[in-house]
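Consider the two complexes below, in which chain A is the common component and chain B and chain C are the respective partners.
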Partner chain A sequence: MEAATSPSHMTEEEHRRQRFWAAARHNLTAYIFLAPILIFFVVFMALPVVWLFYLSFQHDGILAPAQFAGLDNWRRTFSDGLVVKCIGNTLYYCVLAIPTVFVLGMIVALSLQGVRRGAALLRILIYFPTLQASLIVALIWTFMIHPDFGLLALSIRALTGVKVNFLGDPHFAMPTIAMIEVWKGLGFWSILFLSGLLALPSDLYHAAELDGAGSIRRFFSLTLPLMKPTFYFGVIFATIVNLQLFDSVFVLTDGGPVNSTATIAWYIYRSLFTFSDPGFGATLSFLLVIVVLALTALQTWLMRERTP
Partner chain B sequence: MRAARQRLALEPSPAARMLATLVLAITVVISLAPFFYVVSTSLKETKSLFSYPPRWIPDPVYLGNYLALFEKHPFGWWLGNTLAISAIVTGLKLVIDGMAAYALAKLDFSGKHAIVTALLISVAVPLAALLIPLFLITRSMGLIDTRLALILPPLANPLGVFMIRAFIAALPDELIHSARMDGAGEFEILRRVVVPLIRPGLVVHATFIFATQYTTFLWPLVAVHDLKKQVITVGISSLRAIFTVDWGLISAASLVAAAPLTIIFILFQQAFFQQSLAGALKE
Partner chain C sequence: MSVTNTRGVNRRRFLSALAGSTAFPYLFRAESTRAAGLSGKITMIKGPHSADEAKYEAEIIDDFKKANPNADVDFTTYDWANMNAQLTAGFASGSPPDVEYLVDLVYPAYAERGLLQDMTTLVNDPSWKSEHDAIQPFAWELAKSSKGTWGVPVLGAVYNIFVNLDLLNAAGVANTWNKSYPDLMAAAKATTKGDTFGFSMRTRVSDYAFWDWFPYIHNAGADILNKDWTANGLAGAEDAMQFLIDLHKAGVTPPVGSVDWQGQFDLFKAGKIAIYHGETPEINDLLTTPPPFKWDVAYAPPGPKAQTVMGNFGILSIAAASKNKDLAWAFIKHWASGPEVGRFAGEVNLQVVRTDIVDKLYLDKPPMQKIQKDFVPRVKGVQPHPKILTMLQQIWPVAESAYLGSVTGKEAIAQMGEIINKLAA
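Moving on, here comes the complex of A and B:
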């Protein structure tokens, strides 16, 4: 703008200076707009990540003064029985919950796709559990699974005579938490898959029908392959979220019984307040950050492959 | 919506339609049954819960659980804190994200690529992993046990910048150029030209931030210990810490806590689903 109105007899030097100030002004405006997010980003996001790395080489720091620990924490991460159990439990939970919610979500999405009347109301009702806080969902489910007054527990007792203790048995506790989280997540995944289904090209389906492909055939050779990008995105997003499982564990079992529901996030929380060992907790946290960033990189790569 | 209608040119068979209806009916029942059972529980005295066989319809209807929430526990504080903090975070976040999104979408400056990369990477950083350093940083700022500790850290979340940037990037550049020609400053352009055009997207984004804030648990659990300053999720979980758990009280608390978000969701559901079904993946 500046250059367009400047007289042509200006020297090279003056032109350059003018361009420099114009660029500087553009930069200044942009950085004024960016300043708030950048300040919060540096203090509450970038600094914590750097601090995690630093803490992973320390002992104590909450009650006693911090001490340099060398590689102790890192060595301990893969040998500490409880940590290994937490990592195993978290992965076990992901394997239970993610495939289940995907299959159920896909079934609900396919059912929703054909609905002509009342679709809006159905979506609201199905989305209702997703909307609530995990903590509230966990508490509401207590009223389903409590051995004395839980609706589900009482129904099973009335039908089979067996008194099931969902959370008291180490074999049942994690599957129960997975069931609760699947119940909460079903609305989200149904809507996400529905949005994927609605975006599929309908002419392909007409062509397939003209070729005599039945609905089951169309599902397996058209819908599933075409939904691949949604599934790629979904699996990795779900893994990232579920690796951080905490709320329902905290309120329902607090890691028990016999540490059968102790998760990575639960351990990180405990390392700060119960074990007073933030250095070790930070090491586990840093590991979690690296794993999640690697998964995200994989996700970006897979998505790019699909949409050039 | 038009795409959806076209799809239906391929009519599902009557059997498929019946199956779909059955699936949806079961899903709705399973999704809602726990809530209804909790409503019935909240209207009973806790000791009557333990009678077997259970009485499904509370008789007499008992309101003591709801009254106790406000009389014996700081439930009013929790509700008020949560609503206020969620509203403040939502307001601040819209301004912060909107400004950053405008700069990234429509302004030219050096270092843009580096900033976009840094913010994009941090979208993926799991917040549970930052718990320990966030606690130490907040403590060194002297903010532990203040409501400010619940407001400031969430402002760093960069996800909204990218959502709003996508809305702004979709606006034609000429619009902004011509506003500049008319002598408008960048702030004025953002406020007068851009914001009115992306309002539907902003509304959806606002409900999203509000809901995230309203349901947050882990950070408040760590950052605030004074029950009067606490948010509703942690507050309710603290009701459990009592020796014998008062289940009637907890059922009432869960329902009251679920109400505000439900109302907000019902108000904005149309815009929300339009946005979600338009393809969350299209970017």
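Moving on, here comes the complex of A and C:
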């Protein structure tokens, strides 16, 4: 006697239900292993984002009960001149820092690629600044750029006769912060690009050498195109991270002089903890998310266009 | 009434008599044993004024526990650089420390949101009158905001000027430099030579530069807000602002923003600044490691309306969410008492706002005594408005721009006034 649940006797509905539970049982192990991180994500990342979105339509909500503010915070965001300045400063910093660290990182990676003896030690030394806390890096550079005894300041004065006011001049303050961040991040990007270079197929280079291609031709015709996936990842990752610049600004300039180093992340912190305006801070946070998503989408679209 | 004869006495009267007989001796016990009835544990948070802050606080707590053996106080500190963030997190948690040491710049925002206990009734209790009256009136004004009194003023730091007497004497301006603003400019120019500057004051927002700016504004009869806090009160400060701009344009100061406050103090100690805007805790540094020149403390020259000194003061407050307000109040009274606050101030080199212990303080530190006796009475502090810190942080970029020569004094005051008006509305 055939079982009532054998496939040939099941209705469409029963068949669909059976397939569903079979798939669920099959994935159960995966779900169990993913559960802790999913719970962590929901509790500590997703829910706060939802709460942040709710706060952007409120006045207060942290130190005092929330009061519905409608679109007040959003209207303020788009009419506040300092918001525009912060976005401009942040993008300016990204334009300074990202290409610089990429070019320097690639130069260091290409140099390291050819090193056989002592390569491991060199990589550790190059990566060392990346491991330092932002506060330590800021303190080191405070001494380096001190106008009276800073090594960098004195070197520039000796070579050019010019006394540079690194952090006090609005024209130099953000480039100075970019320089410090590039110094800190160079190790990370060098190692990342080095790993990309080491993964490139060597037979292509042998073939190119046999065909008479020189080192420069091989670099532009082979290395750069083959490194595109690494660069794509790097540009998007660097953009997301650098749009959130805060540590160096907070320690070195606190947004000054004359708001020339005020960034979006800095203004979010100020809104929340100095100005006690969490609704406005939450709105700025969402604005930052929108800017990051928009730039990331633009970059992804531009880079996809150029992929053969 | 005999409690053994219950005939004709109902239960209510008997119990009343019993309660009365047991309460009778309690009513006439000594103050300390009655206070020994206070029990429980409270927490206190304060910013550190010394590397040995915990040790000095332990002395105060131990003395308190001698009189209150059933009470305990847990002391912790917040980090000054992250004071706002840590206090906000503490209050937002719903269980903040019972007692907070809050500076005049930040407590009004918490008071406005109902996070602090209004202590008006407590501090005006007739039994505490002598202690209340020992604290200077200006300090009580600093503790008042949003129609309440939010703490007991205890300590402060005066922002004084330090002068290199050797440099001033060599230039022949030691007796004239602080007679007027033109004299200050002349002295600064006379003492500026090579890599030595005649004058320095804070300019960076991260250094809270407005503390050095305030005396010149106050001396012009102006302030951040007008009398009823409805609009800015900066009218009249245009010339003072222009004077400060001219000082920076004259080349008598380090390049604007090039050296932070600590760097300026280091330059002063090295004999590279003649007139330096500092603060009183630096006096101990100079006394411990004397620089290679004679120095003294001073305040800014008189302006058209006054000759004031700026100071930054702290109060001891009770959190509205505290579950043991009685114990918190008892501890604050103890902390603010003459012997305790006097000892603490002497250990950390700060000023007290009490008048009754001034003669006993800093007998071995004449500059500190001079500050306490001569400077503190001249203090005109900050207006404790809930948005005062926001106002100061938002107007400061205008001041930076002015010091860099981008705007005149009149334009700077007008721009600052607009920012303050928007926030005060």
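In this text, the second predicted complex is superposed on the first by the 244 of 308 C-alpha atoms of A that agree within 3 Å, B and C clash if a C-alpha of one lies under 4 Å from a C-alpha of the other, contacts with A are read in each partner's own complex, and residues count from 1 in each chain.
We adopt the following convention: contacts are C-beta pairs under 8 Å (C-beta built on N, C-alpha and C of every residue); 3 or more make two chains touch, one makes a residue touch a chain.
Just so it is clear, the model here is predicted, and its values are computed rather than measured.
Q: With the two structures laid over each other on chain A, which partner does A:Asp60 touch: chain B (first), chain C (second), both, or neither?
A: A:Asp60 contacts chain C only, not chain B.
Q: Does chain B (first) or chain C (second) touch A:Pro36, or do both, or does neither?
A: After superposing on A, A:Pro36 lies in contact with chain B but is clear of chain C.
Q: Is A:Asp148 in contact with chain B, with chain C, with both, or with neither (first, second, both, neither)?
A: Touch status of A:Asp148: both partners.
Q: Which of the two partners, first being chain B and second being chain C, lies in contact with A:Leu302: first, second, both, or neither?
A: Neither partner.
Q: Per the contact definition in the header, classify A:Lys163: touching chain B only (first), chain C only (second), both, or neither.
A: The answer is second: A:Lys163 touches chain C but not chain B.
Q: Report for A:Leu272: first if it touches chain B alone, second if chain C alone, otherwise both or neither.
A: Both chain B and chain C are touched by A:Leu272.
Q: Comparing chain C with chain B, which touches more residues belonging to chain A?
A: Partner with more touched residues of chain A: B.
Q: Where does A:Asp254 make contact in the superposed view: on chain B (first), on chain C (second), on both, or on neither?
A: second
Q: Output the chain A positions appearing in both contact lists, the one against chain B and the one against chain C.
A: 142, 146, 148, 269, 272-273.
Q: Can you check the complex and tell me which residues of chain A touch chain C?
A: 60, 62-64, 142, 146-148, 163, 165-170, 173, 252-259, 269-270, 272-276
Q: Under the touch definition given earlier, write down the residues of chain C that touch chain A in their complex.
A: These residues of chain C touch chain A: 84-85, 88, 91-92, 109-110, 113-115, 195, 203-206, 254-260, 263, 267, 387, 389-390, 393, 396-397, 400-401, 404, 406.
Q: Touching chain B in the complex: which residues of chain A?
A: Touching chain B: residues 23, 26-27, 29-31, 33-34, 36-38, 40-41, 43-49, 51-52, 55, 61, 107-108, 110-116, 120, 122-129, 131-136, 139-144, 146, 148-149, 151, 154, 158, 183, 186-187, 190-192, 194-196, 198-200, 202, 205-206, 209, 215, 229-230, 233, 240, 243-244, 246-247, 250-251, 264-265, 268-269, 271-273, 278, 281-282, 285-286, 288-289, 292-293, 295-296 of chain A.
Q: Mind listing the chain B positions that touch chain A in their complex?
A: 3-4, 6-10, 12-13, 16-17, 19-21, 23-24, 27-28, 30-35, 37-38, 41, 49-50, 52-54, 95-97, 99-100, 102-104, 107-112, 115, 118-119, 121-137, 152-153, 155-156, 158, 161, 186, 190, 211, 214-218, 221-222, 233, 236-237, 240, 247, 250-251, 254, 257-258, 261-262, 265-266, 269-270, 273, 276-282
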